[in-house]
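Letters A, B, C and D mark the chains as written, and numbering starts fresh at 1 in each.
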Amino acid sequence: MHKITMLGAGLIGMFYTMVLHGNRSRDHVNVIYSRSADRAKQFAADWDIPNYTTDMAAAINDPETDVVVIGLPNSMHEEAVALAAKAGKAILCTKPLGRSATEAKRMLEIVEKAGVFAGYLEDLVYTPKTLKAIKSTRNGALGKVLWARSRETHPGPHSDWFWNKEMSGGGAIIDMGCHCIEISRNFIGKEVRPMEVMCWADTQVHPIEAEDSAVGLVKYASGAIGQFEVSWTFRGGMDLRDEVSGTEGTIWLNHWLRTGMDMFTAKGEQGYVAEKAEGETGWLFPVGDEVGALGYVEMFNDMLNSLDRYSADKNSQPMETFYDGYVVNAIMDAAYRSIESKRWEPVILDDWRGSNDADSGAQMSEYDADHFLIKEEKMPDGKTKLILKEKAGGKIVQKVF
Amino acid sequence: MHKITMLGAGLIGMFYTMVLHGNRSRDHVNVIYSRSADRAKQFAADWDIPNYTTDMAAAINDPETDVVVIGLPNSMHEEAVALAAKAGKAILCTKPLGRSATEAKRMLEIVEKAGVFAGYLEDLVYTPKTLKAIKSTRNGALGKVLWARSRETHPGPHSDWFWNKEMSGGGAIIDMGCHCIEISRNFIGKEVRPMEVMCWADTQVHPIEAEDSAVGLVKYASGAIGQFEVSWTFRGGMDLRDEVSGTEGTIWLNHWLRTGMDMFTAKGEQGYVAEKAEGETGWLFPVGDEVGALGYVEMFNDMLNSLDRYSADKNSQPMETFYDGYVVNAIMDAAYRSIESKRWEPVILDDWRGSNDADSGAQMSEYDADHFLIKEEKMPDGKTKLILKEKAGGKIVQKVF
Amino acid sequence: MHKITMLGAGLIGMFYTMVLHGNRSRDHVNVIYSRSADRAKQFAADWDIPNYTTDMAAAINDPETDVVVIGLPNSMHEEAVALAAKAGKAILCTKPLGRSATEAKRMLEIVEKAGVFAGYLEDLVYTPKTLKAIKSTRNGALGKVLWARSRETHPGPHSDWFWNKEMSGGGAIIDMGCHCIEISRNFIGKEVRPMEVMCWADTQVHPIEAEDSAVGLVKYASGAIGQFEVSWTFRGGMDLRDEVSGTEGTIWLNHWLRTGMDMFTAKGEQGYVAEKAEGETGWLFPVGDEVGALGYVEMFNDMLNSLDRYSADKNSQPMETFYDGYVVNAIMDAAYRSIESKRWEPVILDDWRGSNDADSGAQMSEYDADHFLIKEEKMPDGKTKLILKEKAGGKIVQKVF
Amino acid sequence: MHKITMLGAGLIGMFYTMVLHGNRSRDHVNVIYSRSADRAKQFAADWDIPNYTTDMAAAINDPETDVVVIGLPNSMHEEAVALAAKAGKAILCTKPLGRSATEAKRMLEIVEKAGVFAGYLEDLVYTPKTLKAIKSTRNGALGKVLWARSRETHPGPHSDWFWNKEMSGGGAIIDMGCHCIEISRNFIGKEVRPMEVMCWADTQVHPIEAEDSAVGLVKYASGAIGQFEVSWTFRGGMDLRDEVSGTEGTIWLNHWLRTGMDMFTAKGEQGYVAEKAEGETGWLFPVGDEVGALGYVEMFNDMLNSLDRYSADKNSQPMETFYDGYVVNAIMDAAYRSIESKRWEPVILDDWRGSNDADSGAQMSEYDADHFLIKEEKMPDGKTKLILKEKAGGKIVQKVF
């Protein structure tokens, strides 16, 4: 079992604590830190936490805890990581790791130098659907992955600091693009190098400095494309969908608004419907197990199980590491540069630990000695049509039989 | 924390153990009993269980365990309950409680007489979607519940004993009707008395004695109808859906084949796709978190949390009790009688602990001093049409404006 | 081309006329009859109809028209049929044909005696989805049909006369059960004799005499079950779904609330959303082509194309005939008797033109010389499990490999 | 009524003819032209067409026809348009209008100079769902449109010439991007000027010269983004979806694989399932009315009804004109340039007939005298949280109550 220092008493700290304490868990939060004494006190009372404080260093150095969970605004991640590494504790940091690749790389170096266990709390990679889809993809059900779209849009975040570019490091991209990019990386393969990024972004609706909408394309060495779509302007709730396609198949995931529970109510009920729901009457689409569907449960299972193994085996790593957080930041940096330059921008990775192979382009599929097969199709009249390419000369012909 | 005696090493024992050990749980199975020594030994090895045995009494009387989980064929429930009650242990028994209301009532009396904690492992009531839907219904989102349909169909159960009427007590009704009936009871209200049952059943496909398909209607004192549909003949996977409608709203739940994950694969992957899936290629509909979606996680949370409170408060009960199991058996008994008599049959409950109020029939809604309102509708031409009933004389008239 | 007498200027007359004139049609309504001169005049103006009248006989005897379409309240069908038959015109009558089988049979006899072409305007059998599903079923995609559920529920009909038992002949069953019953007949096979009916009905919500909700089971000679669910109490719009299952497959049809068009609007737009929609904001589910999705387009294509062939071949019949209308009425009569008697009631068909074969019960599938196969299943551990029945003795055993 | 010259006896000619003759239409194809005499003869026999020929000019100059429908490979459009314009006939040309904006502009000039009626057969804009969605959008249900995604992907086209860059003018963009671009234009507003395009494309799978996958972004003067996704590499059937979001709402359209008809078949049926379906067993998603769902029915209704009005009013135009075809070609040209230059490329429109207003950027929404409102949200604890921006200084603050 683990006793945990929780840094941050906002919505994310609440979700984390709910999950860490849930399901008859043997782990427990031992101290909660918040910048506000009132919130810290209330949070401790709400969640049965023995200690609270407004002194971050004291929380981290609590002699009973062995794990520090960072659920703070982005601008405070690095300081918290440094203090926790110094204390020799396991560190689990929320997404995004940094506000830039430079900041993320410093955090990566701090934990590696200190030799402490570190996990990157990228929850949406851990939703049960995503885990199952990644496994099927790894097992070859889709063949070679060609394209992975990940979309997260809703009417805007909960807390003021998200909307403040200085504290967050950006807008919708830094808030949600990090999820989408890492989901695509998991489908395409983390060993495949991200090469370059093209991104559009704009401030379409809200009176803020940062972007409230963005669409980006990430080109990988394999020829695959990762596509991210993020927005704080979406109406209708929270749209959380992924699509992957490969040479042999397709996966569609819908995490929030269409998960098999539809409710019409003319009357409504009092209170909360679902995260970022709009409206309380009419057709609603609640999610049964919200924290499960968002990946929090499997994420902390993996983090703490990996940590348990770590004492015996220093190679034990969670599925999502600080290195992954750094790669994601590097891709987001390229996206922000592309918005300015209006062209594809290279992903700059000083420290690339994956493969350098390129493997893109069409695969020739032989039909017979003289032809490549382009396509085979069943027609409305019951016949089969083949589209073939002559090996000699490259002429395209069709056969029907 | 609890140490558990697990009775039964079949698929249900495996699901139970997986869940009891999952999510960094503080509870653990300490001994596994199976009729087959080989299976007991293998199960213990697979699930990290310190002890195994083919002696049921020895398993139950294991001095370290305080909870007995019964995952045995229906014909063995009563014996196991009796032994566990004698040992003074908490008892959690799988569904259906008995093969008949008489048998179930004996089990209820055994545990109540012994004063032991007892829970009825009706998992499908505990799916996160069902729990949320029940809560919304209780909160009034649907108004008064009028109808609750619950459907469970698939190509047939896993183990030979299900197909043996002597061991199971029946066919598709006893296997799955118990789920559907209890789901409807939760929506309609457990305090509302089930009055009578009309049921059709047949052996449509499989060469067995028991029914492989059934549709039943349960009429409640409130006027609400619970509808169950069960079959071992369904093709396409496992169809697990609930629908509820009330005076103010509607809920549709789909637990299995359409939960937001669609996969097309031309190639397939090796091995298991999902419980009762048919086929490994083409369009498949995997469920991300199968044991969560089937209610096992929330069920054991409730059972063991209730048990924890029970030491201090003997009134602490789980959501699903042996009494509920008994009511379900009484409804299934009436269904079986109706199949024979071809008419509505009363539900015989010697021991009714709910309300005896009836509350059925139409609610008059006043439109003005002279009229009741039947209906108000927006027409294609943009006008509003009212259908009214004159208080004096009862004539039905319409007004458009 | 045909010139048409349209009887009835209500919603159904409007839909019919819209469709008859639509799609660059060569057919046209030549005279509109309504009980109200104002409505007749307005209707003629709205739909470019040269003549209008409040004299039904005059409308029917219009010398230019060769087809009479009956879109009147149920209580007026027989009179209209008699007049049109006397005029020697082709007759297309809306659903239900009669208020009882007796009335329907008289209408059937009238048209057969007069030797005029007659079609039964059962539109929901003609939806493009239903037609395609019937074709697949006929082609064997589902194997032998075992069960066909058809559901039509909404908050109640448009016009006052529907709510008046005298004029309509009943409540939700007569209004919508006729659709559901005929849809099931088409899936199960029109040649298969309907044997008996069990039906529950109640007046759950509206202050009316007739039933506002009903669920019925129709047992066919093949062992198949047709299930109908109708209600005027449903909230959330119009729920129009069919489900069919057979030994080899399953079909699910959703005609209205989930057809691939989802709209969220915080603001709404002025006016009509969709037939029987509730609410103008929030999540809405419009249907693109409403009259197409309700089957009107294909219905009139079939009716008028069949009529064109009829001049050369007196055996040319539309897919839905007055005989079908009569069978449907006979099934509804049995349903109404069952509500009273609370038992299964026989379907009384003095004039049965289908097959008298029975073909129910389980099909034995041989596994090897000594066993029948009950079931084969892929297990989570990748193994295959067989459930077998020993031919000698009937014992049920399982094999895993 | 119209008599029609049909040019092209391939799949598209067949769909066009089926629709023109369908639904008891008063219009008819009078002559079919094909490059192959055999196909022309067979086509005439199959579709009851009195004349066939391999002489395109003769077909166009058929003295009985007043409309020429062009369903030929892209490389033959211009020649056919020139001949038909010379003959003074109404011209309906399939998509894309040209292989480039230059070619399209020449065709536009030919018809405008000749003063003949001309329509652009962009069918997917005419699907009943799209028409309804466009209408709701125009009525303000979505507020200001911010983003419109249109996706068309499948395993590749039917005929050899599509795969030949010379004949088609490109790959997946020219084949399907034209649909997607015009769908987005209809949602965003045709009067809004398309400004610049960023596009990725690659030949990921097939051994061809042209692109088999592409994703593009089109930036409009209003700040809205049109996003197109096309591919000939998709597995699982034909993926035809549109999504639109605006300041007040969202629309999701699914035209093909999820339209409310699901079929599981273990056995299959002989023959054709649906356009570009893969596989004949397992879960299939047939479309009831394929030609309706693809927009052909409404397209020809609009074209021919507009033509009927044209004789009286030379301003009568169909919804989709040659000018629209030209704009689409200009956007595709920019997309192809962007693929090469790897940067945003301007859309070059020598002849712009829409508005030149720009109207992009955030809309300030006042909360009170001192603050703008950024966002209002209901929290899980039932409280409401406001995110505000101080008018003086721009600081972002939150209030909870």
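Here is the rule we use: a residue touches a chain if its C-beta (ideal position, glycine included) is under 8 Å from a C-beta of that chain, and two chains touch if they have at least 3 such contacts.
As the structure is a prediction and not an experimental result, all values here were calculated from the model.
For the touching copies chain A and chain B, the fraction of interface residue numbers used by both exceeds half; the interface is of the same-residue type.
Chain centres here are Cα averages; for chain A and chain B they lie 36 Å apart. Chain centres here are Cα means. That of chain A falls 49 Å from that of chain C. Looking at chain D, residues 142-143, 235-236, 248-250, 264-266, 270 sit in touch with two or more other chains.
Contact topology of the protein chains: fully connected, every pair of chains touching. Within the complex, the chain C residues that touch chain D are 1, 22-27, 127-133, 136, 139-143, 248-255, 258-270, 286, 288-289, 292, 297, 300-301, 304-305.
For chain C in complex with chain B, the touching residues are 11, 142-143, 146-147, 153, 155-160, 163-164, 198, 200, 202-208, 212-213, 215, 217, 219, 223, 225, 227, 231-236, 239, 245-250, 270-273, 275-277, 341-344, 360-365, 372, 374-375, 377-382, 385, 387, 389, 396-398. Considering their complex, residues 235-237, 264-266, 278-279, 281-285 of chain D touch chain B.
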